[in-house]
Amino acid sequence: MIRTCALTSAGVIKYDLSLRSLKKPDIVWYWVDFDQPSNEESQLLSKHFRFHPLAIEDCLEFVQRPKMDFFDKYVFIVMHYLNQKTLSPEEVDVFVGSNYIVTFHKKSVRGLNNTWARVRKDTALQQGPMTILHAVMDQLVDDYFPPIYRIEDRLNEIEEATDSDSSVSDIMDEVFDIRSDLSKMRRTVLPMRDLLYRILNSERIAHVNDQKIYFQDIYDHLLKITELIEANREFTSDIRDNYISINSDRMNSIMMTLTVITTIFMPLSFIAGLYGMNFTNMPELRGHYNYFIVLAVMVLISIGMTLWFKKKGWFRFSKRSKL
Amino acid sequence: MIRTCALTSAGVIKYDLSLRSLKKPDIVWYWVDFDQPSNEESQLLSKHFRFHPLAIEDCLEFVQRPKMDFFDKYVFIVMHYLNQKTLSPEEVDVFVGSNYIVTFHKKSVRGLNNTWARVRKDTALQQGPMTILHAVMDQLVDDYFPPIYRIEDRLNEIEEATDSDSSVSDIMDEVFDIRSDLSKMRRTVLPMRDLLYRILNSERIAHVNDQKIYFQDIYDHLLKITELIEANREFTSDIRDNYISINSDRMNSIMMTLTVITTIFMPLSFIAGLYGMNFTNMPELRGHYNYFIVLAVMVLISIGMTLWFKKKGWFRFSKRSKL
Amino acid sequence: MIRTCALTSAGVIKYDLSLRSLKKPDIVWYWVDFDQPSNEESQLLSKHFRFHPLAIEDCLEFVQRPKMDFFDKYVFIVMHYLNQKTLSPEEVDVFVGSNYIVTFHKKSVRGLNNTWARVRKDTALQQGPMTILHAVMDQLVDDYFPPIYRIEDRLNEIEEATDSDSSVSDIMDEVFDIRSDLSKMRRTVLPMRDLLYRILNSERIAHVNDQKIYFQDIYDHLLKITELIEANREFTSDIRDNYISINSDRMNSIMMTLTVITTIFMPLSFIAGLYGMNFTNMPELRGHYNYFIVLAVMVLISIGMTLWFKKKGWFRFSKRSKL
Amino acid sequence: MIRTCALTSAGVIKYDLSLRSLKKPDIVWYWVDFDQPSNEESQLLSKHFRFHPLAIEDCLEFVQRPKMDFFDKYVFIVMHYLNQKTLSPEEVDVFVGSNYIVTFHKKSVRGLNNTWARVRKDTALQQGPMTILHAVMDQLVDDYFPPIYRIEDRLNEIEEATDSDSSVSDIMDEVFDIRSDLSKMRRTVLPMRDLLYRILNSERIAHVNDQKIYFQDIYDHLLKITELIEANREFTSDIRDNYISINSDRMNSIMMTLTVITTIFMPLSFIAGLYGMNFTNMPELRGHYNYFIVLAVMVLISIGMTLWFKKKGWFRFSKRSKL
Amino acid sequence: MIRTCALTSAGVIKYDLSLRSLKKPDIVWYWVDFDQPSNEESQLLSKHFRFHPLAIEDCLEFVQRPKMDFFDKYVFIVMHYLNQKTLSPEEVDVFVGSNYIVTFHKKSVRGLNNTWARVRKDTALQQGPMTILHAVMDQLVDDYFPPIYRIEDRLNEIEEATDSDSSVSDIMDEVFDIRSDLSKMRRTVLPMRDLLYRILNSERIAHVNDQKIYFQDIYDHLLKITELIEANREFTSDIRDNYISINSDRMNSIMMTLTVITTIFMPLSFIAGLYGMNFTNMPELRGHYNYFIVLAVMVLISIGMTLWFKKKGWFRFSKRSKL
């Protein structure tokens, strides 16, 4: 679908004018939005607007990082926003000329629709293409915060609840997936940040100076988002490292239990086995008190082993380490 | 609460003037402090002072990194200080004009209150808005040191006392929490440092040249804090790595004990079991000295195994590694 | 083989002219391609074209990173492309003069052959040497994408299918090999990116300004490729770390099973062995109900041990962790 | 203690002049050394020399990184040297004016004392404050080398002697402490290096141009020291990683021994136990050759197990790995 | 030994002139080589050539990184080359004046000797000091390649042959030593690269412009060497990580075998022991079929355990993982 919106010299916002009529002299500026355009509609980028083939190629394929290209009479900007469900980047392409702005996107963009609806009422938005660009971009960037805060909350939950019911390998898998999501976001946010930096410092964008403080506000948000992403990535690796070191401790405790039990009972069982042998001539078996002597020896062995482990500090350690 | 303080042309500091009277010609400069303001008081930022909406938005929401924005007639600065209890950053916002300074903070700020009290007595502080800014900032930054030194001491304690009574997983958890705190601090300190750098190098802040050496002093402190944070972060990861390598050594020692015991007693127990069988025809059982021969064989097996382990170096290793 | 192609002043593309005739005045520009040249043919670089010995050395040996050297009358460019089978870099060397371009490569280059075939038909390609350079380079760079996307898909497959049939050490080996491939690619892509950056920013390449937007398009692709390589390298190390932490969890679960079984049955077996001894005087053996008392004690021991493990949380843990 | 030293216009070095007399016109330049000053002596920094309060604060507290501050008539430099025993940084503060140098240090500084003694004899040292500064700094920096070389030697020793008598956890602890020492040094060396860089490149230090090559020599040393520190830090982490991977190999070998023994003897012991049961009707026990048949079965089981382990490669592995 | 070589105005290369005669007017340029000089010969650096004491100090001691110092009438360059046997850096010091070059080295340098021999025949070398400098440097840098390629081959061998006969800890030790060698090389190559960068970009070296392309060629090689070193360092850590993850997998497989065997046979052995007890009143022993019932129960227990392990996936896992 292609929809249009224009400010007439009478100061009125008109929607749904034809592309032709947008070029009439009483149009102060206009905005054309390619909203999930069909192939035929997409061809208007070249047929009607005569944009550069490389820019059009960038619109039609999705292999672009956020960026800004300068052409003679317009600026071409590629922006990303975060699909709130998949946390994958989606693309919005923008052409900004002196008196027009053209937006192009293959999916419906909530933030852009909001702006579209607000143009009619909000006179601040009616100042021209750069204001529209700022309004759209501001909303796309604001949408990065909720998923990051959701991730941060989830990581805090995971960190606190190490004794929850869910399987540990499930938790590791979730931490791993969160790491992937953060990487994916970072790949989108870093070039967005660079894009804003260029917009702020470029001498070639008309009118941006008047609006610098507004784009600076978006840039602030992107800096903040970058920091949140980095902090949360560090958080995931800390959780993993923490988990591994606690696990290694737990393993020590388990192996100590096993070793203590084995080391005490193996010699005892051997002695029992020894006197269970059926040799016809085993003099020890015949003494009246020998059974009790052997029992006493077994008790002494147990006590000796226990003292030895105590001296080596195994019991203290075993107590110290929680499962 | 909103409180005011002003220097009159008579060189006297007056507190609690009304906002109106601050604009009188005999006021050399004034300081308005929004101390935990109510919503109505906050609206004075726009109604009375007519500050830029974006700056006011930054005051009202807490999503800001420390930063500095230049407006036509004033500079807007966002600073962070460390909540001494939670080690979380808290925000102080400052507007500095040629003859006024406005501070805005949602929580009571000890360092700022100190400065407020000192203005009356300390003539050095009465030179103007930049002096106030420096005094407040200096105190906020100085407050970073105590928690970092506390962390450093605690890490040294942990490092020394590996044989303490507290559970190892508790210790790892504590190291983990310290790491988080350090990350949180770094996220606040780094942009504070960049802010100071910009204040030092900006050509747009009036009077800063006279005071450069004072802001340089704060900048020095922030450099030092940054280094302490980095050093302590490295320290935590070294403690964790050290712990893991010691643990892996301990595990070896435990497993060796288990294996030595098992390897010696399993064959012996098997032999004992063998001659405990009840077959009617077991010729070995009948010889007069066979029992003693078997005992001797068992002793030989124990000696042989022990020598074999000795040759493989297991006993030396086991002795070498402390629990 | 050496092949030639030239644009005559009549606007016609002629193939297979002799090297001599390329210098005739009616030749607007020409392209000489050294396609897997013999030693004799390679010598024409110095004998016929009189290129600088250092540049020729770089053509003949393969020790070069992508780079650009400026000589008086021509620019020498070394480019790499990815051998689609081995993922190793292969070299294409290019000399670009004001009215000629010479390409040199020891293997057949599919992307270059495509361009060669297109020159005749595609008038856009006939503008001169820089257009040819761009067309070749564009194809070489586009060929980086398929192997990277293949790697990305394979890593996603590996990540999803942790319970597949293939041996785990095979998987780790594959991840390791993918890491090597990504490193190898990065070593080629980073200098290619720097090369493009220099082409875009160099003041010494004639005509590049007219074509800047085209080389910018290649540069965009190289930025994208760099990001994909880095992201996939991170992905491999995340997979490995994830695997190690899951493995450590699995080991805990295995060792707990072993320890529970051993700790329950060792004391029981010892008691059984005790009353299997053949001492002539063992009063306990004679009581009518003693056997049943011992059985009861054994049951109590099992229950006690089980409760103890339950209290320590071992069963919960064991349930939580999937194999 | 405060000590003085001055060059008179007669070209003679005089020691122990009073602070007053240093301002006489026949003094070409003078050096005042605050050597472990008392509180009263420290106050002379402000009372007599009238240095800036911020610089004096930096002298009196130890929270300073090496740095250089420019004041109107003098330069204030903070340098660190390495306490040879604790490897902690100690501070030397220097004020350099056009015809004087003031040094301030709370501990006795060997390198500075050497220079003090040499002034009288060494005419090269008598050229002025910058020469003194260079001489002191050169000695302080040279003192970094011996402890680093000592660390390097110790790490080489540790690396070679993995089979020494000292406990492994002691070794890990030592490596850990060496890492801490290296971090501590780096925190001192890096700002020292930056300080030298600034001295070399600052346009505001008089006379430094004549002496540039001398300060360059110190800068070279600091670059070298930085590299040595980094290399040795890498060395420590390599030692640790190496140790962990060898340990994990050793553990495999131990567990294999345990598993082989257990897996062979458990079934054998079970069979022996089986025929040790006292059922009244166990037909197998009565056959004349059954005992020998069972013995043969046991031998076959042992051989079978051994072959199975051989096929799985366990024995080869076990042989391969040294303890 | 000191040897000399000079170009006379007659265009003839003369060897072994005395130091005095080199200053005669018919000498166009000369080269003095201090080849493993004695102490007396070393003193000629100051006595005859009057080089700066700091430069001479750098010659006599080995603590220098590659670097370049500018003096009034000459440039002092410190270069490193790789001792082909120990892979340690060795130093060659060079003084380059307008019409002379002095080289100084404490060991015999093969690459330099080659150049010395070629001067007579190779007219290209006779152009002057910068040509000599280039020739020597080119050979020293070319000598970095063979050891790096040897390391790369060895690492590939190690990676492929994980099932070789050599002990695993030997392999880890070798990888560790290779890492050290690579670190040592890097410490030499990086400053060499910076040195070349400075030579290429310095405005103070006469005649370097004519030869820029030649030094650029050396710089290319150093970039390539740097990349090879980094890539191989990454390779070593990948090998180690790979090994650790495979080892952890192997350990799982071993422990599963142990646990399966123990868990199956422990209960069986206990039952056998139970009925091996010698109580006078054990009713179960007397039944005619009880022995066979117990045998059946044992078979059922084995089958049950096996099914349980099968359900937990242990056998599949054990099969999957290669030793």
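First chain written, first letter: the chains are A, B, C, D and E, and each begins at residue 1.
One rule holds for everything that comes next: a contact is a pair of C-beta atoms (placed from the backbone, for glycine too) under 8 Å apart; a residue touches a chain by one contact, two chains touch by 3 or more.
Each chain and its UniProt protein: A, B, C, D, E = Magnesium transport protein CorA.
Here the structure is a predicted model, which is why all the values come from computation and not from measurement.
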### Message
Based only on mean CA positions, could you tell me how far subunit D sits from subunit E in angstrom?
### Response
23
### Task
Quick one: report the Å distance separating subunit B from subunit C, using the average Cα coordinate of each chain.
38
### Query
Could you say which residues in subunit A touch two or more other chains, in rising order?
244, 248, 250-251, 255, 258, 262, 266, 269, 273, 276-278, 282
### Query
Hey, how would you classify the chain contact layout here, line, ring, star, complete or other?
ring
#### Entry: Chain order around the ring, beginning at subunit A and proceeding next to subunit B
A, B, D, E, C
### Residues of subunit C defined as touching subunit E within the complex
52, 54, 57-58, 63-65, 67, 69, 71, 163, 165-170, 172-173, 176, 179-180, 183-184, 187, 240, 243-244, 247-248, 250-251, 254-255, 257-258, 261-262, 265-266, 268-269, 272-273, 275-278, 282, 285-291, 294, 323
### Query
Can you list the residues on subunit A that touch subunit B in the complex?
145, 159, 213-214, 216-217, 220-221, 223-224, 227, 231, 234-235, 238, 241-242, 244-246, 248-252, 255-256, 258-259, 262-263, 266-267, 269-270, 273-274, 276-282, 312-314, 316-317, 320-322
